[in-house]
Amino acid sequence: MGLHILILNGPNLNWLGRREPGIYGSTSWPEIQAELEEYAAARGVTITCRQSNHEGVLIDILQEGADVFDAVVLNAGGLTHTSVALRDCVAALPVPVVEVHLSNVYAREEFRHRSLLAPVVAGQISGFGPLSYRLGLEAAIALAEKRKRR
Amino acid sequence: MGLHILILNGPNLNWLGRREPGIYGSTSWPEIQAELEEYAAARGVTITCRQSNHEGVLIDILQEGADVFDAVVLNAGGLTHTSVALRDCVAALPVPVVEVHLSNVYAREEFRHRSLLAPVVAGQISGFGPLSYRLGLEAAIALAEKRKRR
Amino acid sequence: MGLHILILNGPNLNWLGRREPGIYGSTSWPEIQAELEEYAAARGVTITCRQSNHEGVLIDILQEGADVFDAVVLNAGGLTHTSVALRDCVAALPVPVVEVHLSNVYAREEFRHRSLLAPVVAGQISGFGPLSYRLGLEAAIALAEKRKRR
Amino acid sequence: MGLHILILNGPNLNWLGRREPGIYGSTSWPEIQAELEEYAAARGVTITCRQSNHEGVLIDILQEGADVFDAVVLNAGGLTHTSVALRDCVAALPVPVVEVHLSNVYAREEFRHRSLLAPVVAGQISGFGPLSYRLGLEAAIALAEKRKRR
Amino acid sequence: MGLHILILNGPNLNWLGRREPGIYGSTSWPEIQAELEEYAAARGVTITCRQSNHEGVLIDILQEGADVFDAVVLNAGGLTHTSVALRDCVAALPVPVVEVHLSNVYAREEFRHRSLLAPVVAGQISGFGPLSYRLGLEAAIALAEKRKRR
Amino acid sequence: MGLHILILNGPNLNWLGRREPGIYGSTSWPEIQAELEEYAAARGVTITCRQSNHEGVLIDILQEGADVFDAVVLNAGGLTHTSVALRDCVAALPVPVVEVHLSNVYAREEFRHRSLLAPVVAGQISGFGPLSYRLGLEAAIALAEKRKRR
Amino acid sequence: MGLHILILNGPNLNWLGRREPGIYGSTSWPEIQAELEEYAAARGVTITCRQSNHEGVLIDILQEGADVFDAVVLNAGGLTHTSVALRDCVAALPVPVVEVHLSNVYAREEFRHRSLLAPVVAGQISGFGPLSYRLGLEAAIALAEKRKRR
Amino acid sequence: MGLHILILNGPNLNWLGRREPGIYGSTSWPEIQAELEEYAAARGVTITCRQSNHEGVLIDILQEGADVFDAVVLNAGGLTHTSVALRDCVAALPVPVVEVHLSNVYAREEFRHRSLLAPVVAGQISGFGPLSYRLGLEAAIALAEKRKRR
Amino acid sequence: MGLHILILNGPNLNWLGRREPGIYGSTSWPEIQAELEEYAAARGVTITCRQSNHEGVLIDILQEGADVFDAVVLNAGGLTHTSVALRDCVAALPVPVVEVHLSNVYAREEFRHRSLLAPVVAGQISGFGPLSYRLGLEAAIALAEKRKRR
Amino acid sequence: MGLHILILNGPNLNWLGRREPGIYGSTSWPEIQAELEEYAAARGVTITCRQSNHEGVLIDILQEGADVFDAVVLNAGGLTHTSVALRDCVAALPVPVVEVHLSNVYAREEFRHRSLLAPVVAGQISGFGPLSYRLGLEAAIALAEKRKRR
Amino acid sequence: MGLHILILNGPNLNWLGRREPGIYGSTSWPEIQAELEEYAAARGVTITCRQSNHEGVLIDILQEGADVFDAVVLNAGGLTHTSVALRDCVAALPVPVVEVHLSNVYAREEFRHRSLLAPVVAGQISGFGPLSYRLGLEAAIALAEKRKRR
Amino acid sequence: MGLHILILNGPNLNWLGRREPGIYGSTSWPEIQAELEEYAAARGVTITCRQSNHEGVLIDILQEGADVFDAVVLNAGGLTHTSVALRDCVAALPVPVVEVHLSNVYAREEFRHRSLLAPVVAGQISGFGPLSYRLGLEAAIALAEKRKRR
């Protein structure tokens, strides 16, 4: 049976295209999602996209999806830098998690340079705009396939 | 048409009057709200007051109100010092936000001296008790009027 | 009338037994709860156990329980280290709060060494696995009894 | 008898309108003062405006005015961040002091984020341009009235 | 044969009841010891209580007791925050050590927030006054029993 | 005419497969290079692979290639964290640079958490082993194509 | 000829007795000066007392007095912690300087723990209230006598 | 009955005169003690001088002397900067303690700038060589007399 | 018409030649000024030399000279490291400012390594003794000429 | 015989005019060198100009030139902030070294504010563009002449 | 007459072989001492070995041995990182001291990276297990011989 | 077959005897090498001595020697404190590396107190001048022999 990947977005990512376009670009999330779905389909992979502004909801989604998905592509938005609870949840997940960011967080404010998630994810991709998600999906598929083979 | 201002309160501000009166005073929120409504009415301005203990709900309210309100008076409570997600949301809002605090946060614990919101709001008012809200509302009206004129 | 104690768990503690057993042990929460209930019954004390992955929900529970419970045993999970909002809520509670941790947080990552809650709780117990809860309950009962006597 | 409020400006504020208008706006001090006097007159309050580039002169003015004025609106300019002597003077004053800033100091250089005065003033208002002074005057009047009533 | 537990107190704990009663309470050590002995007797456990103001003597006691006692309840007083030598000794002990504090060290001076012992003990209990010792003894007994079973 | 991408490796990356395989995997560089060449050929792209243990040589290569290559995939190894000279060179390049790392640098020693290059590259990919290079090449091609179109 | 000692007071010390009596005591400066003069007279020493709220004036006094006085007793008030200019002046003086403080500065705010003057004065006396001046005068006389003998 | 003052010296102060004379001078302790005794006798005061290289012994002496002496002059040597245990003991003493240092500790290594004792003593005198003790004794007598009068 | 350059000296620079000659050399200010005047005359440039120990006076001079002088050579002495007020004044000046130091400030105490002025001046020259002024004057002339040409 | 001065440039300075002209200006190195040679010729001084992107080559050049040149003008580029090896080499040179920078390094990123070279060079000139070199040459000549005279 | 060297061990080193063998190896102290004595005998050198868990005793031994021994090999155990008193004693000794460590302290916890003794000893040897002592003895002999020759 | 040890020197060590003799002594490298060769010959060990001012060359030498030498004695000079690339190379070597320093680096500038190499070498010897190399060679031989035996 084919792989099933969760694409999970944190706070304010529902505003993509509208929010600070100088930093986040003018592509909206539905446009990015369409591209991701096309790519996934071509690879024979199913994707599910979720977003929430609530830390607790993101944790609920990850816990409930622990036995459903084969890998996660996670853009936790501002929670990346502040949520130990989300980090603990990611660390406890049995499936690989790929951290993605639209902007180059290292070229922004000091407090965005530390990701609490980074030490517990498989890897991180940042700075390529919507392409970050596509590369992240690719990495997630590769990690999920390798895990299945084990 | 008249201005419409959102007064948004974060965690524990529903407990005003009951919570640590030595720091926050003994006036309850309904009393403060009554005063604000009276002041707003006299100025021909409509206000809407909301409170939540949930970071995600506060972000939802701000996003949903982005095209409804002309300005925001925000007391984010403890989230002031910890929420990058709320900061990102405020930074993305098209309308001016005025940060208010009942207590003089700079005369309290070290960790209350840094506001993650301060760099992305229009201005900050702290330490005047319930008067902080009234002055904040006044500032919000002035900023909204200036914005309309542009 | 007998004492009523709230046992409140924060993010990811619903995954006990499943989550990183090397750190948190392999006992699940229902097993721990059963033990706590047995102990409480023997002491003639009622306990209520709640868990949430949402900071806001935890604050709601504490506020709503302020006049219901005689003491609280709180394991705030990852929020221990990041939530000023939860700290403000605990500081405002009229009843004693006992902070507990399953693992020895001081033997783990640097960012777990600081508890924002510690300065506003009555005391802290960490590192004894499920026993931390039982000792915490015992302490909560003692504190509640002393408070009643005053 | 009516209230008497001191509006005290520190270094470089005599250059308002001329100095870095991108940050401080193009309104000159006489224009701001005129507005403040009009507002004060309407409230039946007397104001006295003073400025000095000298830390020592500012302290002299505050000491000499301690028994003359009912409250102070203070914009200490660059001394805000460096003068323990001014802080000690403010802490020793028997009347309430309101700290005001034209610019949002928290959106500027790191060294402007710490105000040595903030912990010893009644409250702080920053970021609203000339309006900061008007709101500050309003707060000063309210605090002076409350003090008189005691 | 029954368990034998060492209760070891560091500098100034011989002054309990006399020393800063606002922080440490007015119960003297003999009173606490009597309670601990009663509790131990009821559990069929032997306890030995020792105190010294000398870091070196505390290390000597721990080394000499390494093969005598089944667990240790340790309140190292001020040495908690400064003694690497004591930490090294505790780390080398074959039996479990429980760290206890009468006061809530996290609500006191900054330098008391770091315990050099915490990372090498089994767990920590702080803030419950004399009850801290009783809970610590209980934990020590549980840990010693578990160790015997292995 | 087709794109020409430079893959540039810094110190010790010639030892891949031999060096600390627990961290860097057991695949040697020639194997990775073969995969990259295959991928590039399929995309109609030419790649050139270079390695040096010398900071100065890496800068020479980047300067000389500034008008030859359309983009750069750069793994600067240990120089990532220490070389301002390399950073200055990257910042001066007219073509996009993609930073890649085999290991998850954020899960390793503290001093590896800061990349001096990160703020001046287009984006960063880390933690996916040899796949990091393939994703990096993909990103470099996309960035080079976008640049050509401008 | 007899010794001539300068007693120099910095900002706000003219307010002694009036200013924060909980910290600085209720003795006024004239009372302290009277005691110092009596003591000096008994020792056959002349003293001159000066005070200024101006850093520049203090430096002027010290420079002008360099060839007049045999030693200086200096309480620089808030400038103690901030004035490199005053430190440079003290370091350049040919006569010994004794630093005094009424309050125990080490038991107050963190920023009062560092004296910029301390490394360039002969010695420091703090915490004894008015007695600090008398002891400081005594030390200054001893140092001046020793210097004369050389 | 006359006052009884304890002069207590910490580690290495038995080596005075021999130890690093460039820093500590060439006067030996017996010479200093003789001078102190002469001064005390003239004031009708009894002094007892003790020294130990052992932190624990110093604490024992202070505890045992708590009801014997009217004040303490303490030079804790290197323990000044490291001993929380000694600080706790001093804080618990019912009599005033005067901290003295021969050298100007603020003109030496960084780690000597912080005295753990300073916040809990009455006052501090440093930098005057043997004179520091004499001034310290004078201060101790004054504090003891004031305490008796209360 | 010829250029007019202000040479402005801060605290203690009137003592050159007398003050710590090991650091500042034995040339007095009048000697340096004579050399500068000779050099200026040869270049057809007028110079005005001013000195003050008062931060406020320095600011007054700079403000009053803003429309008189074509450039400023500034040695702010100890205020270099502490005065935000002076920095604000320099930042507001319409003419270029050249920062000079006699000594190599980077080879001295840590607190002299940070110049608050450096980020807002045109450039900095330090360590060459009196030559620093001559090079600074040369730079000031060049900058003033370039500005005139614009 | 005439003086011989080495002008030594570090990494990326061969790209002057091409590299980030907003920061470094649009003048190329050959243009600057031509000006320096003209100036040197007029002073009867010989100059040799060298550049390398290699830290080791820069050290080799300085060592080999130690007995050839009378002074050095050094712009170490990015190595200024990172190379202890270069600092050690400069500290060991028998001839004076003048540090120059085109840009005002103190107005740029935090990590450029610390120069490892600054404490071991004679003096530093920064921020005047190509003029920095000319002033640096002038200083180097003056220092070399003074050294010859000794 | 032959040299006499003191080998002095601090806290917990009497437990060698028993204590954390993964870090300190399984050789006991008597075995190491035997080897050292054999080596010393072959060199015609006398050694005396002492150990104490007491900081004060170690200082007593060093003071008493100051005129007896020609050099010291010192492993201060955990006191290495905390004892200013021991450092002061070592700094005052007339004979050379060689600091040794069994383990590589720089590969362990952060707080073990700083040795308070290192700046005042002749040199340091760490990481070679029992061999550290033998090399340390060799160095001590060489230093003692060089000192005798002077 | 006999052991073969590499003695590798970093930047500026070719200048020994000439460079800052107050710190590094007046013995030149050829003299030290002669002594090392004599010692090695007596032990039946071959040594090879190399030096470079280039970080990259040092890494090349270590990589090329990985299968040739049985151990390395490394004095990386200034690169000790800055080179992550060299550290990565040392960490990847299959043979033991002994870090040596002529001077006591811990008694020098703060930035020399951290060795990036220390955590990945077998052990460290510093402060004994040329003897450091001989002791280092001895340690290297012992480690190489132990490794051969395994």
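Order of writing sets the labels: A, B, C, D, E, F, G, H, I, J, K and L. Residues in every chain begin at 1.
Simple rule for what comes next: a residue touches a chain if its C-beta (ideal position, glycine included) is under 8 Å from a C-beta of that chain, and two chains touch if they have at least 3 such contacts.
What you are looking at is a predicted structure, and each value in this text was computed from that prediction instead of being measured.
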Superposing rotation of chain I relative to chain J, computed on C-alpha atoms, to nearest 5°: 180
Chain D and chain F: spacing of chain centres that average the CA atoms, whole Å: 55
Separation of chain C from chain I, taking each centre as the mean of its C-alpha atoms, in whole Å: 63
Chain centre separation (chain A, chain C; CA means) in Å: 32
Sequence positions of chain B contacting 2 or more other chains: 54-57, 82
Chains touching one another, given as label pairs in label order: A-B, A-C, A-F, B-C, B-D, C-E, D-G, D-I, E-H, E-K, F-J, F-L, G-H, G-I, H-K, I-J, J-L, K-L
Chain I to chain G touching residues, read off their complex: 10-12, 14-15, 18-20, 52-57, 77-82, 111-112
Touching residues on chain C, where the partner in the complex is chain E: 104, 106-107, 113-115, 118-128, 131-132, 135, 138-139, 142-143
Footprint of chain C on chain A - complex, ascending: 54-57, 59-60, 63, 82-89, 91-92, 116
